[in-house]
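Below, each structure is written out as structure tokens.
First chain A sits with chain B, and in the next complex the same chain sits with chain C.
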Partner chain A sequence: MFLKRQVPLAIVFIVGVIMLLSWFIPHEPFANLEIHATQWFDIIASFAMILGALNLLKLQGRKVIRRQKGWIYSLAAVLGFFVTLTFGFFFKGGYYLEVKDVGVNTEAFYQTVSEVTHTELDVVRRSFADVGEGKVINRNYYTHAGVLKLQNTLSSLGTVVEVNELQWGQHLQERGTFYSWIFYSIFTPLTSTMFALLAFFVASASYRAFKIRNTEATILLAAGIIIMIGRVPLGAYLTSWLPSWLQWLHLPRLQEWIYQYPNAAGARAIMIGIGLGIVGTSLRVILGIEKSFMGEK
Partner chain B sequence: MSKFNSILQKLDSLDRRIIFLIIGLVVLLPLLIPLNLPVEATGLTRDAFEAIHHLPDDATVLMSFEYGPSTKPEIHPMAVSVLRHFMSRGYKVVIMCLWPDGLFMAREAIDEVLRDEKFSNLVYGVDYVNLGYRPGNEAVIKGITKSFAANYTVDSRQTDIMDIPLMNDVRTVADVDFIFSLSAGYPGAIEWVLYASDPLQIPVSSGNASIQVNQLLPYVKSGQMQGVIAGMPGAAEYEALMEEYGLWPTRGQAAKSMDAQSIAHLVIVLFIILGNISYFAKRKSQKKY
Partner chain C sequence: MEKKGVILILIFLMALALPLHAGLTLNATADREEPEGRKVILTAGEIEQAFRYDVYKKNTHDEDWVFILGLTHLDKPLIMDIENDTPVQFRIVAVDRNEQTIDEVITDPVVTKAMWFNTKRIVRFISMILVSGIILFYIRKARKMQSIYLRPIAGLNAFEEAVGRATEMGKSVLYVPGIMDLDQVETISGVIILGHVAKMTARYEASLNVPVSRSLVMEAAREIVNESYLSEGRPDLFNPDMVHYYTDDQFAFAAAVDGIMLREKPAAVFLQGKFYAESLILAETGNSIGAIQIAGTGSPSQIPFFVTACDYTLIGEEFFAASAYLGQDPKLLGSIKGQDIVKGAIMVTILLGVIFESLGFSFFKAIFNL
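Up next, the complex of A and B:
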């Protein structure tokens, strides 16, 4: 009980108080505490990631094994997890060619590079004219066989090229790696689709729910319509005919006024409330009154 | 008359598939047949543009990518425009990401901007650098207020940070002249204001998803942020300003997409009006009986 309850509370109290003090004392040993604290945070966050992954597998795996409702989606989650992990840690791809000697058949070389990299011929010509040897051909291949095919084509033109592969870490952002393939071909279309569907649901929900039931709803509706039309070029176009003495009714101006005054006032009030809430909760955690982080009520 | 009323009442239970179909069409058609509606820059976007444009010629700026594919249509066009603006003005650019997806977004924005011949002389590590993603959210921001090297040992190309010439002059975030956060949520622009900009008095601005702008306006109004680029309309306005200042000659992706958004917004407003008419017709008939 002592290890499970008193020790965590003591750690939270001591660390909380030290970090609070460090904000007010710009001298050693407090001055550099933030650097150490952020590195500690990184280390703990890394372990939390492992815990998160294990928890995901436990929950989704249980659903699959027990064939609970929606188990097929859980299976997709588990498979997605392992496939991404495999490509992130074990198979990276990312083979590319480094030009050692362009050779004499330069135009044919530029033409081939332009075709494989989908780059304009002039850009390729300029790029290799400036730098020449040692320049990398800007296309990565998933497999060694793929890059060898291009190497053979270029070799037949008299170009000397060397096969290289991306370093671990680089494969997380460069195209032509398995990890980036997952990102661009699976993750991107899925998340984009989910977000794009919002437009349809917003339209349907607005039609059904945005009704003038009372004064507040009427004000909200009017402000919403002004913002929606005033934010887009059509708003400016529709009210561009207004004479100068009625310019305040120009929809973009009206929407900016709503944004900057009533809206900012409301947002500020919410922020101050949240800020006070954070101070209160932080003090409760430091003083050991709030124990929900230990799983207690 | 009663027939008309009954039609109005029936509209209340309009099949949602019809609404979906109409929205699909009004988004698709302006993309296929552009209307080229004129884009007018609002004060918020102009403030952000002016703040960037009037930095010293030898300024170093920090650009942080905190968005992913879901908000890419809204934020990526402004990322490209702002990066193009930085590079056109000759500023040194330090890029970093607080979101893992941001790494891909940053890479795409850099590639798109550097495709232009105008920037073909820029050298990686000297004129710009991409430090990549680090986990830790605001802890990363807090960390770089003390030291970049303690948080980033290598950049996104796995080059030792000590071997990057640009980073020799940028030891902490206090060494940059301006911060620009491209943000779609947490961690994002607010964290940059709270943990870097305010404590170290570094000017900051941000490009955001439209839905987020409400939360940022108090910071803009108090002068803690130098304007804000709000969603796709903001990005289109930024593109218009780039054109106005002769920095980029053509309308970009955001301006092109604004036609579709304009018509879609108009149709949603018409739906709301129609929905209310049918609501009142129904209420009237219910009162009658």
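Up next, the complex of A and C:
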């Protein structure tokens, strides 16, 4: 019980106080404590990810085995997990050619490299003219067979090239590897799709928010319209005829005023509340008054 | 008389000639105003024939000089970065148009030191002591007070209603404690509130589903849910898989939670924690399935989205006060009271600032710039 209750509380108190004071002490060993603490946290979180991964496999795997509702999605999750893991740790791809000697048929060589790397001929010409031999052709191939095909084509032109393979670790960054294919061709479009959904959700949410139900909603609608129109050239055009004594009604000026004063005042009031809430919560946690996050009453 | 005149002329001529023969000067001093140290101010005097000045530095124990930069003028002080507690020398070499060295000068070793207290943060330090002191005072005082009044917060009152509704409908309660890790106060707050919601689901025997996007949060949330079920005397209803991990990725997690919402159609959705752009995706999906939604976050930019799409939203401080409000622990309530006193003090300070600035007195504002 002592190890489960008192020790964690003592650690939270000591670390919390030290971290708090370190912000006011620029001298070593306190100066870079925040950076070190963040790194420790990242390391611990990385190891903890194994727990998460196991939990994911257990629950989704069980769904697939028992053919529970929506098991097909679970199957996609499990397959996605293993395929990514396999290409991350076991099959990397990333074969490329290193030019040892361009040979005499230089124009044909430049032409071929330009085609396979989708680079302008002049750029290729300049690139290989500057460095000469020992330069890498900027195209990675997933398979050995793929790179050999290009090697044969270049060899027939009299160019001497050597087949190389990306190092482990490099395959996570460079294009033309299985892992990067998964990342750029599957993961990124899926993520972008989810993000793009926001546009539709913003439209539906705005419709509800701007519906005139009461005084507050009407004010919100009016402010929203002024801000939206005032920020585009149309707003300036619509109110450009106003006489000088009514210039404060000029839409760009009006929207700026709404944005800078009522909006900023409201936002800052919320920020102060949030700041105080964070201070209060932090104090309760550091002093051990709030212990429920550790599973204690 | 004649002799005197000759001497005067000679003195005059020498005075004229002095600037022509004045050599290159260089002075290096540690910037004592810089709390973190590491800054050296170099002030140098120019010479007429120089075309360029090359600045070098070296640690005193090193042999070679390291070139730092070349300058055409030395009319402004140079600020140089060095390592603290390491004696460093600077050298300036003046060269002419033919790259011939005209003159050079080397400084004495200079050492910078970091302060033991950042004086530029003195106001913030005092504020921290004051704020903490007031909150602690009210926490202590709360033990003796019979009751502390907290204004009714609609969102928090709706917690029980939402869980009750889910029970009546025979549907689950979905709780999302944000998408960030335990290093964020909002996540800790979200996990704490989860404990209270878990007590309600245990009491009502409602099904609880907690998808998380961080492994550490999963462990903490499991522990707290387990404790809640135990405290309600229903350990039989607790299942560790109530809290389950999906992914660390923001939008993949949003997709997974949206999937749960659309497939399981929970009757109550709690979004309590730190959220970013996925907030509206989650809240709008929850809205589309007709679930009663209660959101709470400390992210100011996400509050409008939650207000629009959710039935109740705990805005800023309400979110952080939720645990005290739901738990009714006197010590926690005392801290909320302390926060309110501090907030009152801040309001008075802002008002005073407005009055003084309007009257043209800037001393009050200057205090906070220290």
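In this section, the second predicted complex is superposed on the first by the 236 of 297 C-alpha atoms of A that agree within 3 Å, B and C clash if a C-alpha of one lies under 4 Å from a C-alpha of the other, contacts with A are read in each partner's own complex, and residues count from 1 in each chain.
Definition applied: a contact is a pair of C-beta atoms (placed from the backbone, for glycine too) under 8 Å apart; a residue touches a chain by one contact, two chains touch by 3 or more.
Note that the structure is predicted; figures quoted are calculated from it, not measured.
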{"item": "Which of chain B and chain C A:V202 touches, first, second, both or neither", "value": "both"}
{"item": "Chain B versus chain C as contact partner of A:S185, first or second or both or neither", "value": "neither"}
{"item": "First, second, both or neither for A:M194, with chain B first and chain C second", "value": "both"}
{"item": "Contacts of A:V232 with chain B and chain C, given as first, second, both or neither", "value": "first"}
{"item": "Chain B versus chain C as contact partner of A:A45, first or second or both or neither", "value": "both"}
{"item": "Which of chain B and chain C A:M271 touches, first, second, both or neither", "value": "both"}
{"item": "Partner chain(s) touched by A:E290 [first = chain B, second = chain C, both, neither]", "value": "second"}
{"item": "Contacts of A:Y73 with chain B and chain C, given as first, second, both or neither", "value": "second"}
{"item": "Doubly contacted residues of chain A, that is, touched by chain B and again by chain C", "value": "38, 41, 45, 49, 191, 194-195, 202, 204, 206, 208, 267, 271"}
{"item": "Chain A-touching residues of chain C, taken from the complex the two chains share", "value": "35-37, 84, 113-118, 121, 124-125, 128, 131-132, 135-136, 139, 181, 183, 185, 188-189, 191-192, 195, 214-216, 218-220, 223-224, 226-227, 231, 241, 244-249, 251-252, 254-255, 259, 263, 277-278, 280-281, 283-284, 298, 300, 303, 305, 307-309, 315-321, 323, 327, 331-332, 335-336, 338-339, 342-343, 346"}
{"item": "Chain A contact footprint on chain B (complex, rising order)", "value": "14, 16, 19-20, 22-24, 27, 37-40, 42-44, 68-73, 101, 103-104, 107, 115, 117, 120, 132, 134-136, 139-140, 142-143, 145-147, 150-151, 154, 156-158, 210, 213-215, 217-218, 220-221, 230-231, 233, 236, 258-259, 261-269, 271-272, 274-276, 279-280"}
{"item": "Chain B partner contacts - residues on chain A that touch it in the complex", "value": "32, 34-35, 37-39, 41-42, 45-46, 49, 123, 126-127, 130, 167-170, 172-174, 180, 183-184, 187-189, 191-192, 194-195, 199-200, 202-204, 206-208, 210-212, 221, 224-225, 228-229, 231-237, 252, 256, 259-260, 263-264, 267-268, 271"}
{"item": "Of all residues in chain A, those that touch chain C in their complex", "value": "20, 23-28, 31, 38, 41, 44-45, 48-53, 55-56, 58-59, 69-70, 73, 190-191, 194-195, 197-198, 201-202, 204-206, 208-209, 267, 270-274, 276-285, 287, 289-290, 292-297"}
